[in-house]
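Several structures are given next for inspection.
Each of the two complexes below includes subunit A, the first together with subunit B, the second together with subunit C.
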Partner chain A sequence: MAALESPLPGTPTAMRNAFGNVLSVLILVLIGVLAFSIRLFSVIKYESVIHEFDPYFNYRVTQFLSKNGIYEFWNWFDDRTWYPLGRVIGGTVYPGLTLTAGTIWWGLNSLNIPLSVETVCVFTAPVFSAFASWATYLLTKEVKGSGAGLAAAALLAMVPSYISRSVAGSYDNEAVAIFALIFTFYLYIKTLNTGSLFYATLNALAYFYMVCSWGGYTFIINLIPMHVLLCIVTGRYSPRLYIAYAPLVVLGTLLAALVPVVGFNAVLTSEHFASFLVFIIIHVVALVYYIKGILSPKMFKVAVTLVVSIGMVVCFIVVAILVALVASSPTGGWSGRSLSLLDPTYASKYIPIIASVSEHQPPTWPSYFMDINVLAFLVPAGIIACFSPLSDASSFVVLYIVMSVYFSGVMVRLMLVLAPAACIMSGIALSQAFDVFTGSIKYQLGASSNSTDDAEDNTSTNNAPKDDVSAGKTDKGEEIVKERSSKKGKKKEREPADKPSVKAKIKKKALVLPLEASIVALLLLIMLGAFYVIHCVWAAAEAYSAPSIVLTSQSRDGLHVFDDFRESYAWLSHNTDVDDKVASWWDYGYQTTAMANRTVIVDNNTWNNTHIATVGTAMSSPEKAAWEIFNSLDVKYVLVVFGGLIGYPSDDINKFLWMVRIGGGVFPHIKEADYLRDGQYRIDSEATPTMLNSLMYKLSYYRFVETDGKGYDRVRRTEIGKKHFKLTHFEEVFTSHHWMVRLYKLKPPRNRIRGKAKKLKSKTSSGLSSKSAKKNPWV
Partner chain B sequence: VDNPTDRRVLVLLDDLSLKSSHSIFFNTLKSRGFDLDFKLAEDSKLALQRYGQYLYDGLIIFAPSTERFGGSLDSKSIADFVDSGRDLILSADTAASDLIRGIATECGVDFDEDSSAMVIDHTSFSVSDVDGDHTLIAADDLVKSDVILGKTKIEAPVLFRGVAHSLNPTNNLVLKVLSASPSAYSANPSSKLSSPPQLTGSSISLVSVMQARNNARVVISGSVQLFSDRLIRSGVQKAGSPNQYEKSGNEQFVTELSKWVFHERGHLKAGNLVHHRVGETDEPAIYRIKDDLEFSVEIYEWSGKSWEPYVANDVQVQFYMMSPYVLKTLSTDKKGLFHTSFKVPDVYGVFQFKVEYEKLGYTTLSLSKQIPVRPYRHNEYERFIPTAYPYYGACFTTMAGFFVFSFVYLYHK
Partner chain C sequence: MFDDQDLGFFANFLGIFIFILVIAYHFVMADPKFE
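The block that comes next holds the complex of A and B.
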């Protein structure tokens, strides 16, 4: 690190650097331990299980990978989901996470450490969050020195937003993707600072890993071009920028195209378009700089006017063609999820299936405080710190935070992308603040101990540029870079050389604060940090550690555990035939295939809207129509999740409107208005007949009145509208302990078809006559 | 079941005299090896089951007037008896009780609601009808099915005196075996018609059969007399017809019908559904798109004594995923094996081989076997496509050019 470059070993500064480096390494190790251990609450409080929905799929895929090897995984055609369409898993999954965990498992096993696949999967996320904090350290160090780096790494290790996606057991793409994201950014900045082709290649590889891991890679491939464009526009073009960017686009795109799920999308979809446009621009700019170097200024002007006028025409034509091409596709070549990022109202207008996912909703203000806590207040200070002075690297993190704030405002899920940026900014802000305060204290103490003015001046001039360039810590690498960069532009050479020294002196004077104020401010900062730690630990322990397949609730008579999901999946796997098909809303698809090992109709990979709409339609239809739809799909069992008895709010009745919307989007005879009474969604006696006769209502509330005699729904806080009814086409086969999961079997078609209309008449008349004859002998 | 034919049959009568008045019918059954157990319908010890096991394979109810069965028997237990795959002959008559009507309704047959109504036909009555109210019908509109009524054509008309019933045309499980002529109607013969009769013409069914989804068979007749010795022995001449027959068609009709209903005929069994790739013998766990495969299934027919190969040219197999992608008629080797071969369509997913065979009179065959079809593996595509050679060329020349350029640029000074 920096210590290796220190010029004179043996001097006190060198000693201090060496000591500082050892300390940094120690701190980083501790940060890693912290990042890992803060995520273990879920294992300690519950057990070592896979959480939620998507992780079960990833777990199942990893099991397949570890059993069958990579080629089988690549070509895996899964016939147990999306019946009867099946799903080509190898070609539709981001394989990064699975391959990572699979490799870890394989490595440990070949070292004779026999861990189960599940254990490896459970602990992948905590391990990678330690990596992510180290990557944050590296990135921030490149931007503002190692002090800021350590602060940022410590903040990231326990930022609640990231914890929410990476607790032990939360085995999801984001677990490794955030590490990949930060590391890619680090390598980009590193390349930008050093101009090394080696780092540029590493950068492309890191980008490849990111593409393998998460669809969020488009964030990288749009953010970096934007930064490049920003640098060009602000006159910061340099060969380092070219080296940082051009290889990334070429190699990165080639590598990205190797991932089956991306494939030709890497060059075809609009998400990648910006990178190619900027790729062209940077080449034009490079050419301009080159020509500028070999021509006299006068000739250059002539050439510019000539080229610009011709270039404008050519560009106009090319852009026109591109626009025409893009406009010819209905979505403009954008995927639905990306479009809803650009236009937040897009999904709710056109794609209910995207809008229906709660993590695709815009976040509320409290969620910012919950997820990034005090960082929200430190970020502005960090941004200001990045502007003094603005380097290529600091402009990148500023751009990063701005973009991620926007995206997090559109989708709550992308809060995860904001978290590292906020940590970096806050780390910079904190470390700058500490620098100023400790610097002032040192200065004041030095002044009080009557040191000479000369010495003071010397230290101040020595410290000043360091303060500016590298956040007060000695970082020769930074300075060298600075110098190198300033050599490139001949005109600009003097400006940066002169200005900082002048500015620094002014600044230095301004930076000296009174001793007492500094100490108080320091204490306040430490308190702020302490509050952050308390909040983070609380969030990790209480808010984000629930595995959501096992629920708990604290009541007066102690802790209640609701293990209904596993109970019912176990029932399914023990009591049904291997090839039976289970229909449920898509949320439970992954769990059913992974835990019950039964074929499902739709699952959380929402690739086929029509198929989901078919299930949605069945759920919103009356019993007979639903039976026909399910029977045509060979469904044997229907699973519904019902929270009315214990007050579990994310049950199927609360999701029901989305089923109606998604179903109605494809099958227009399902109309949302039929399910609403005066625009209100209700299940009490005021509910519409369509609602009360829908399959979902019936399956959820069948026999519900037997529990308390009134049929009081604790989620909707009302008595249900239709209490006593019989099922004609379905029969209840299993209801879990707390009624959270209810399983129904489709009745087989009637063995006989009864006679028509008269059946009722003859029946009732015979029944009535016999009864009345007995009861009323006078008639 | 190795032998689908019924053995033990319970006969419920409302009057034990029926045992002798219908002896010809009962004796043909006995001579074919059936074990008949005659009971009065009101017998208080009536039971179809003991310890959860059915005591009988078939049930004959010749008790049109019974309001209530004795013992544990009721309309529901008879419906359950049918739903368990067992067979039933139900005969009503004029003034049939609600109970009998209820059982018929359960089987999809609706008797005329007017309890005093009979089938009246002023053109195709039997000339031997002495009462002159034209209620003894000489019916000859029989269903054309060798399976139900046997290969020998029933020449003489079938004599019928009884109540009319109708079927729901949308109900594909029931079938008219003996229909009334277009001039027939259902009314009370002893009173004048005050309003148009509800049931008229050939929509009136005299005898119907029902084959349930589980292949249980039911015969429902509007007349108990149809089975009686008197009508079986009686000669017949249809009004306005010169043909005079010494014996009515009743004996042949009821005999053949009883053979069908008790599964002596028209019972198919299928099995051994086998498929494999062309040139292989083992059944694969998964097919690839565009594989060539061979499919075969074995179908046998019960002849009353043994399983004989079934011969037909209309058995089809579907390769089915939400809709049939392939529909092929199977060819038979006349030894019971039906086979075909086809190419898996260029669509992947979870398919089924489906053989659904519904033919008039025969039991329904419905077999399916699930088989997934996968897309090409990554290394099953063509490695080099001829049309892409210019691109390969461009690729390699660029690489070579870049190499030369780098060499020249770096070392040429």
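The block that comes next holds the complex of A and C.
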């Protein structure tokens, strides 16, 4: 402040900017440190370990990549999953995350920093969270200036929704994809603001990275066309809009098609059609503007009638062809997940495998408060701020928040897409408030002393009259936005420029607040920020840092650690043959292959519904039928997760109805009603015989009564219905310390030759010729 | 050793400090042009 007030004649603005720049760099560095360190609770509280389910697969793929190189990776056919089908990993995985972590590992190793692949994988997400914060700064800066950018970046660095997917160890696609998403949006807005082909090309590359990283790229390729359409409809078409959009569609689609998992889907599936339709529309509009420029108004009217009539016919034909193409594909060209976005009830009606995943369920209201906290209240203020004045960039973020709010309401997983939008909006809102209050304080403090400075400043800024205090910043982006807005906008701008508005003066005066009021308001805002920070740190430390692979619970006796999963996978890898097949519900497929290195029948990729339904049917069937199904799949061990002893609710019995539903979807003899007593899911003595005799029930509750003598299930809070029974086709080989994981071995088939020989004997004794027995002694 | 409580304190402190710095930035960059 002293530096600001020090009389440096002629350059107070330059000094202010210089000091501001240094401060903003410092803030950005601190934001990076915060974004990284707030995600380390999982490492400090637990250990440096990969979390949950999908990250284990990503980790395994990264290990393969770092060991065998990129070419082997593209051609990798994994015969350890989806037995006996296998899976072409190189062609079915989004390679962005793996390649990123692989490159970081390679780079560090070539710099003689010998980090293990696991360490790199664990810390990839926190590092990219820092990048995402910086990208948010850039994006918001383009929309509403540096101040808003810093506020938004600070909010994003610690927003719980994003933390939940990016703590150290959460090595999943979203870790890098959110950065890619925000960065792509930034480059789009940057191109829109500058009209630079350089940024347009970078935008296409960023989009390519996003396509490599996450299936959520379809959000970008639908949101940007929607924004372009919005600009066109509201008369904001400009060559800059064309440059921002056309190269993205052409280059972006070409690049997206290079990613094996996307391939021709980039031009064949409905998710991408909106971009092509808008691509056509923007060309038509560009042509109209071009013709308008070279024709006289009269001729233009004639041309418009001609073009509109021809255009209508062509559009009709194109739409008809598109509709026919879409209708001819089985799902109407839309993938199940996308359809459930448009119609939230779609998945629960038709695709149980999608509905069965908890993160595909709609969120509850408390989860909004948990995941974005005070941002939920700041967002409306940010939206209002975006409308004064409305620019192309600010209309984009408004559209972004509207769409992401809708999508997050459909699927709790998409809260992740909402979080950056909410941070941007809240950052804008906070920044506007800070502007008003700090401006008032500064004015009130300096009003008496430097009236001469004020006069000087006024003359220097008279060329660019600003509407309000918030616009008092000399941000480049803001100026560009104003210069570049549509013709309508230009006309509007010219008018006030001619007569330095009385209105603006009145407004400015109205915005000056008393010193005390401004200070109190700022203190209240700091308290609000502190509340947000404390909530975020609490969420990071307590709610989102559990690795799911190791569980803990706090009781009077102290901390209890449940390390049953790793115990069981270690048992599998040490006590079974390397080629043995392990059947489990698909949730545990990735972990089994990554941690136990054993072949699994189904895993979390869920690409083959029939295969999953087969396992679901086996789990839902009586022992003998299940044994036959598993035996036909060469399965040697069956793994079930059971939480009844310690009260772990995410166990197989709680997932069992989904197994029944998914199994029944393919094999109609499995009926959900058979497992329910009067529509209720029960495991006690009132449970149906089908339920009590199902394999899942038996494998979960085998010998359970021996633990407490009653067989009390702590998850379902009831005594089990069938307590004393023996297994006929399976034998228990391992049960973990807290009974969370139970492993069973399929009993070997009965000696068929002996049995046949006995039968034959009895048949020969009853007068059958011995010739037939000799024919095929092995049958 | 740096435990989770220390990290919690550090993160809370840093988060609030960043907020204050952001306000300071706005103060520095504020250019009041009131009549």
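Rule of thumb we're sticking to: the second predicted complex is superposed on the first by the 679 of 779 C-alpha atoms of A that agree within 3 Å, B and C clash if a C-alpha of one lies under 4 Å from a C-alpha of the other, contacts with A are read in each partner's own complex, and residues count from 1 in each chain.
Going forward, contacts are C-beta pairs under 8 Å (C-beta built on N, C-alpha and C of every residue); 3 or more make two chains touch, one makes a residue touch a chain.
Computed from a predicted model, the values in this text were never measured in an experiment.
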Note to self: One more residue to check, A:A540. First (subunit B), second (subunit C), both or neither?
What the structure shows: second
Check: Which holds for A:G86: it touches subunit B only (first), subunit C only (second), both, or neither?
Finding: first
Margin query: For A:I519, using the defined touch cut-off, is the partner it touches subunit B, subunit C, both, or neither? Pick first, second, both or neither.
Written below: neither
Next item on the list: Have a look at where A:A570 lands relative to subunit B and subunit C in the superposition and call it first, second, both or neither.
Entry: neither
Next item on the list: In the overlay, answer first, second, both or neither for which of subunit B and subunit C A:A246 touches.
Entry: neither
Next item on the list: Considering only touches as defined above, state whether A:D579 meets subunit B (first), subunit C (second), both or neither.
Entry: first
Note to self: Looking at A:A381 after the superposition, I want to know if it touches subunit B, subunit C, both of them or none. Which is it: first, second, both, neither?
What the structure shows: neither
Item checked: Of subunit B and subunit C, the chain that contacts the larger number of subunit A residues -> C
Notebook entry, point to check: Between subunit B (first) and subunit C (second), which does A:F77 come into contact with in this model arrangement: first, second, both, or neither?
Noted result: first
Check: Considering each complex separately, which residues of subunit A are in contact with subunit B in the first and with subunit C in the second?
Finding: none
Next item on the list: Show which residues of subunit C lie in contact with subunit A when the two form their complex.
Entry: 2-4, 7-8, 10-12, 14-35
Note to self: Give the list of subunit B residues in touch with subunit A in this complex.
What the structure shows: 79, 82-83, 98, 101-102, 104-110, 113, 168, 171-174, 210, 212-214, 216, 286, 321-322, 348-351, 370, 372, 374-375, 377-378
Notebook entry, point to check: Which positions of subunit A touch subunit B when the two form their complex?
Noted result: 74-75, 77, 79, 83-86, 88, 90, 579, 599, 632-633, 749-756, 758-759, 761-763, 765-766
Checklist line | Sites on subunit A touched by subunit C in the complex | finding: 1, 4, 13, 16-17, 19-20, 23-24, 26-27, 30-31, 33-34, 37-38, 40-41, 44-45, 146-147, 150-151, 154, 157-158, 430-431, 434-435, 438-443, 446-447, 454, 457-458, 461, 466, 469, 472-474, 505, 508-509, 511-512, 522, 525-526, 529-530, 532-534, 536-537, 540-541
